[in-house]
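In what comes next, chain A is part of two complexes: it sits with chain B in the first one and with chain C in the second one.
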Partner chain A sequence: MLAELGHFALLLIVVTGFGQAVLFSPLWLRSSIRATLQGRPTVLAATGPNGITPEFNVTGPVSAPLPFDSQISRPGHYLVLPAGLLLMAIVAQAALLHAFIVSDFSLPIVANVSHSSTPLLFRIGAAFTPDGGAMILWLLAASLVNVVLAMQLFGAGQSTYGQDDDRTLFYNAMSVLGLLVGVLGLATLIDADPFLRVAVAPLDGRGMNPQSQDVLRVLREPFLYLGLAGLMVIYALTLSGLLGCKFDRRIAETLRFWVIASWVALGAAIAINAYRSYSQQAWGNWWYWDTAENSLLLPWLLTTALVHCRAVLEKTETLKGWTAFLGLSALAVGWFGVYLTRSDLFGPLNETLMKPNDSIALLVGFCAIFAGSYYLFWRRGDELGEPRPFELLSRESSMFINSVMLALIAAVVLIGTIYPLVLRWLDGENITVGGPFYVEVLVPIVVPLLFLMGFAPTLRWRQDEMWMIGRRMKLAAILSIIIVLFVSIRFIDLSPAPLIGIGLAGWILTASLSDLWARLWRQPDHGESKYRNLQLLGPRYLSMTLAHIGLAVMLAGGAASSVWEEQVVVSARAGQSIQAGPYNLQYEGVALLAGENYATRQATFILYRHALPVTELFPEIRYYPIRGVETREAGIWHGRDGDLHVSIGDRGDDGGRVVSVRFLPMMPWVWAGMILMLTGGTISILTRIFLRFQKNGVSAS
Partner chain B sequence: MRFSIAVIPLVLFAALAGVFLMNIDKDSSVVPSVLIDKPAPEFSLPPLPGREAGLSRADVTKGEVSVLNVFASWCIPCRAEHPLIKRLSREADVPVYGLNYKEKDPQDGVKWLAELGDPYAAVGMDLSGRTGIDFGVYGVPETFIIDGAGQIRYKHVGPVTADVLEDVLLPKIAELKE
Partner chain C sequence: MSLSRAKARKRQRMYIIGAALLAVAGAAALILTAFEDSVVFFFSPTEIIEKSPIDPDQRLRIGGLVVEGSVQKLQDGKTIAFAVTDMAQTVPISYSGILPDLFREGQGVVAEGHMSSDGTFVASEVLAKHDENYMPPEVAESLKKSGYWEEIEAKNAEQMRN
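Coming up: the complex of A and B.
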């Protein structure tokens, strides 16, 4: 019965989503609907659950009096629809999870990807992997951000604009977001309705795809869909700005939280995905340029560009058209990525035992929505207002160039992803685009971008002078040249590519640190307190510096580990010892063990560093009998100077076990860099939330 | 309607959307195999335990059209398509050979055929999966139609359904026989 309840909730989500689109829209349509509803005010007059004090200006010069404004004294009304939407999304998600937890195989979605022997955690995780389940999670995330946006827009603390408080913008944004939720819900119902039942339930399911049976893989999904939901809000706010022909500082301020939150969520999904491929795949790379990774990378790149453009928009009200374009396109590529990983456009999915599914409604909805929004962008693009001029040598132009380069990178990744599709469409040939293409094309874009990244944060707004830049960057330039010289002398036979990588990492790192240093030791003006410099830094600057340093650390780690990697592949017998870098591995043999729903051949290695035992590592080959699939789990040790990555293979011809050991120097830097970047973003969000609540508290008292 | 660069995103998007929408009805589970119209690879496989005849390239180059079906006891869609393979061997009047792909235990294939019935003229056991790789096996089950000269003429990936059998495989075999 619960599944039917979930189905009903899904239907209600669609209806409520479109309802929100209509009721919040300030078109004549909404007014007429409101007029018909006047007889029955209880439909919308149910009191909202929040107790936020309203500070709205009803008397503002709003072009046409909006019907909602008549009841503006009770802002809870704005929360009724979003809260109802969230409630129904929770019901739908709970019903689906329940079906998976109790293994209700009369639902084909459960029978396809779950099995009675699947452990509880992964039965829950399996609920997110099939199309329908993923869509439900996306809808839940979207309804969540819908409520948060409603609270942000209509809550207290926003009416700092006095008489100019035109709320059409907010109505439009809520309306667009409602429309998106409705379309997504409809696509779920048409493409992959997760709540359909079959008359005769199979006795047991076909089991979860073993590749997905992993804690990290399960953890990735919420981050991915929260990120996409954040992009939906960005899209809604951008589109409402275009609709109202008003793309100003206020939109930029409202966007700030959402841009950074989506950036962090998508970045976390990418980081988790990278660590996942590193620890599972036996050959232990962390990036493969495959479709799933590219579809995560694309929206992240555009969000990164947006982080920078938005700051320019807020500060100087320039780059309006470009920011709007990025705001629309970030969701476009995100949505497209979801479709990409889900459809069989690109040849059969890797799960050949699953029924292929083409998400046609998702694609048609995508095309319709974005064709419409790009059309609007075209018609309104020129009316956003004349940009203020700025010099070539200024913070504005560096941020603009930076975001253009990021968008170029995204374009290259997009082309690499869809090129095989176009080619197949033209002459029926099947090809794949791999790492070498991306490296060759991206290096000429990435190198100048990283160089710019070193000094862009120190540039002045509007106009700057070359000699001033030179003076500021002197120290960083000297230090990074010293680093490059040291590395190239110490390792004579180093090819130029990694040397450039390390040099650029050093450049960004020293430039960020020297700028921080200069700001800390600035001569205080007369009468300023000693701690004024610390106050001036602010969370924005600190989080930006942290993220930039994180990228430098990651870059250094990636370059170093790719150059100085040592790999040993041997056919080992019990008791044999293998040398890799400063480590020595002693192979103790393989044991056949039983996992919860798999059998595993687990090898034991004792890891020595300079003859002192450090730890034990247990790489495995797991065999999942339900699907007849093997997976490999590597054993990894994150040491001071690098990662030791060991994986085992089949039994060799001579009776030994094939063992692959890799020592990757500075590899922990890659992970640390990712964590630093995410920490930077998180600090920015948290301070924002903290300040907001503090402000609300003050205004309430 | 005056020209502006703001139209570029719309044009690009329309072009991309066109490509995607044109691709919708194309069934990409039809993997174009490089082996189509090429001679079948050289192979020689041992028989199932307790049987006499294995399977080798000589069997498919006898001068008559034949079908090679790749199956495995661990593969659930194979179980689903098995009745149709039986029908195929009854109705098409050509030898249907079985390639038992990557069993954990050689006995598994024997048990499977004992339980579900054996439509195959001969079965070869590919424990290592080596022959499967030579044939470009992408995912089990797969079905190949091989002409008398030993050329692979058609390949079906995934389970054979009643529609595939009646609309594709049987007409193709009939056409090749002429």
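Coming up: the complex of A and C.
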């Protein structure tokens, strides 16, 4: 029964989503309908049905808010529809989770990806993996951000950039967001309705895909869909700014939380995905350039560009058109990425064409929404207002160049992802676009980008001078040259590519630190302590520096681990010791153990470093009888100077077991760098929330 | 004043458009050259035999079914030799390392590497990132080309039932 309730809730989500789109919309209809709904006699202002024209801004604020502004001051009115949506989404998600938890196999979605022997945590996790379940999760995330956005827009704290027509802008944004939720809900119902039942339930399910049975894999999904939901808010606010022909500070300020939150959520999904690939022996690397990873990377790249452009927009009100374009495109590539991974476009050609229902509604919705919004952007792009001039050598232009490069990288990744598809459709040739392609194309774009990243934060707004940049960057330049010289002398036969990587990492790191140093100690402190300078820097600057340092650390780790990686593959017998880097592994043999729903052959290795025991590692081969599939988990030790990655294979005819040991120097830097970047973003959000509440408290008292 | 502002704006717009065009053109050139030399083509065993000898420097992918009974470990204990077939032609492959999770005799596999001069395909990577009912799409297509698809499909269905 609960599944039917969930189905009903899903239907209601669609209705409520479109309802929100209509009721919050600036069309003339709103004022009359809402007035009727609220049962108050109102004077209808004469606003024609030409609602979405620029002139509306003149009449709109006068007509629309009049009937309710008195009521909106009463809290809660604006929250009715979003809260209803959230409630509905929670019901739908709970119904689906319930079906998975009690293993209700009369739902095909449960029977396909779950089994009665699957552990509880993974029965819950399995709910997010099939198409329908993922869509429900996306809807839940979208309704959640919908409520948060409503509270942010109509809640207490007034923006410093508030203007008369705020309400119109905000209603537009809520309306667009409602429309998106409605379209997504509809696509779920058409493509992959998770709540359909079959008359005869199978006795048991087909089991979860063993390669998804992993805590990290399960954790990735909520982050991914929260990130995408954040992009939906960015899209809604951008579109609402375009509709009102006003894309200014106020929007930029509202966007701030959402841009950084999406950036953090998508980044977390990428980091989790990378670590998951790394700890699965069969994959073994942390980045593969496959479709699923690229479709995570694309929106993240554009969000990164947006993080920078948004700051420019808020500070100087320039780059309006470009920022709006990025705001629309971030959701576009995110949505398209979901479509790419959902649909079987990369499967055999004739099968793809024969399955007509394959996420087709998701694609149609995508085309309709983005064709409309890009058309609007094209028409309105020029009318966004007069940009302020800035020189070629200024913070604005460096941010612009940086975001163009990020967008170019995204374009390259997109082309690399869909090119094999296009080629296969055109002339039936099978090709693979893998690592070498991306490295060859992206290195010439990324190198100048990273170089720019070193000094861009120190540039002045509007106008800067070459000699002043030189003076500021002197220290960093000298230090990074010393680093490069040291590395190239110490490792004399090093090829240039990793040297460039390490040099750039050193450049970014030293530049960030020296800028921080200059701001803390060189600034006059006006008689107060230097601590005052730290306070004046503010969370924005600190989180930016942290994220930049994180990227530098990750870059250095990635470059070093790829060059100095040592791999040993041996056929080992019990008691044999294997040397890799500074470590020595002693193979103790394999035990057959029982996992919750799998049997595992677990090898034991004792890890020694310079003859001192460090730890034990347990790489495994797991066998999942339900699907008859083996998976391999690597044993990983994150040491001071690098990761030790050990995995086992089959037993050979000679009685030995194939053991693959890799020593990846500086690999922990990659993970530390990712964590630093995410921490930077999180600090930025948290301080923001904290300050907002603090400010509210102050203004209330 | 207003004239100079308009001028500055015009100049700024020119800068921006110029930079964007330059960047796009550069990226396009890069992409085209990279497509030419770093895209990896996929061949079925039949195509490999037809095209041989193949330049050992060219990276390529080969896919087919692992011939039953062909998998053996060589003397050094870590190199594995097997053969893939599309039922029409067979190509021997050697690979050092751990075979992926889903590697089975009689099942589809895709290997990336290069042809050595003695006609053996030296794989640097055997690919396995897929789900359990995987027939790599390229392998399925090459089997269809060689006309054995139905037979293999029927056999797999038989095995699933057992």
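Just so it is clear, the second predicted complex is superposed on the first by the 631 of 701 C-alpha atoms of A that agree within 3 Å, B and C clash if a C-alpha of one lies under 4 Å from a C-alpha of the other, contacts with A are read in each partner's own complex, and residues count from 1 in each chain.
Rule of thumb we're sticking to: a contact is a pair of C-beta atoms (placed from the backbone, for glycine too) under 8 Å apart; a residue touches a chain by one contact, two chains touch by 3 or more.
As the structure is a prediction and not an experimental result, all values here were calculated from the model.
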| item | value |
| --- | --- |
| Fit-or-clash call for chain B and chain C when the two complexes are aligned on chain A | clash |
| Contacts of A:Gln535 with chain B and chain C, given as first, second, both or neither | neither |
| Per-residue contact with chain A, leading partner among chain C and chain B | C |
| First, second, both or neither for A:Ile360, with chain B first and chain C second | first |
| Contacts of A:Ser495 with chain B and chain C, given as first, second, both or neither | neither |
| Contacts of A:Gln523 with chain B and chain C, given as first, second, both or neither | neither |
| Touched partner set for A:Gly628, first chain B, second chain C, both or neither | both |
| Touching partner for A:Asp382 - first (chain B), second (chain C), both, neither | first |
| Part of chain C, among the options 8-16, 26-34 or 62-70, whose backbone runs into chain B after overlay | 62-70 |
| Residues of chain A contacting chain B in one complex and chain C in the other | 346-348, 429-430, 628 |
| Contact set on chain C toward chain A in their complex | 5, 8-9, 11-12, 15-16, 19-20, 23-24, 26-27, 30-31, 33-35, 37-42, 59, 61, 72-73, 76-78, 96-102, 112, 128-129, 131-132, 137-138, 140-141 |
| List of chain B residues in touch with chain A within their complex | 4-7, 9-10, 13-14, 16-17, 19-24, 26, 28-29, 31-32, 72, 74-77, 138-139, 157-158 |
| Residues of chain A defined as touching chain C within the complex | 209-211, 281-283, 288, 290, 346-349, 386-387, 389-390, 392, 397, 400-401, 404-405, 408, 411-412, 415, 419, 429-434, 436-437, 439-441, 444-445, 569-571, 627-632, 647-650, 652-654, 656, 658, 660 |
| List of chain A residues in touch with chain B within their complex | 206, 321, 325, 328-329, 332, 344-348, 352-353, 356, 358, 360, 363-364, 366-367, 370-371, 374-375, 377-378, 380-382, 418, 421-422, 425, 428-430, 625, 628 |
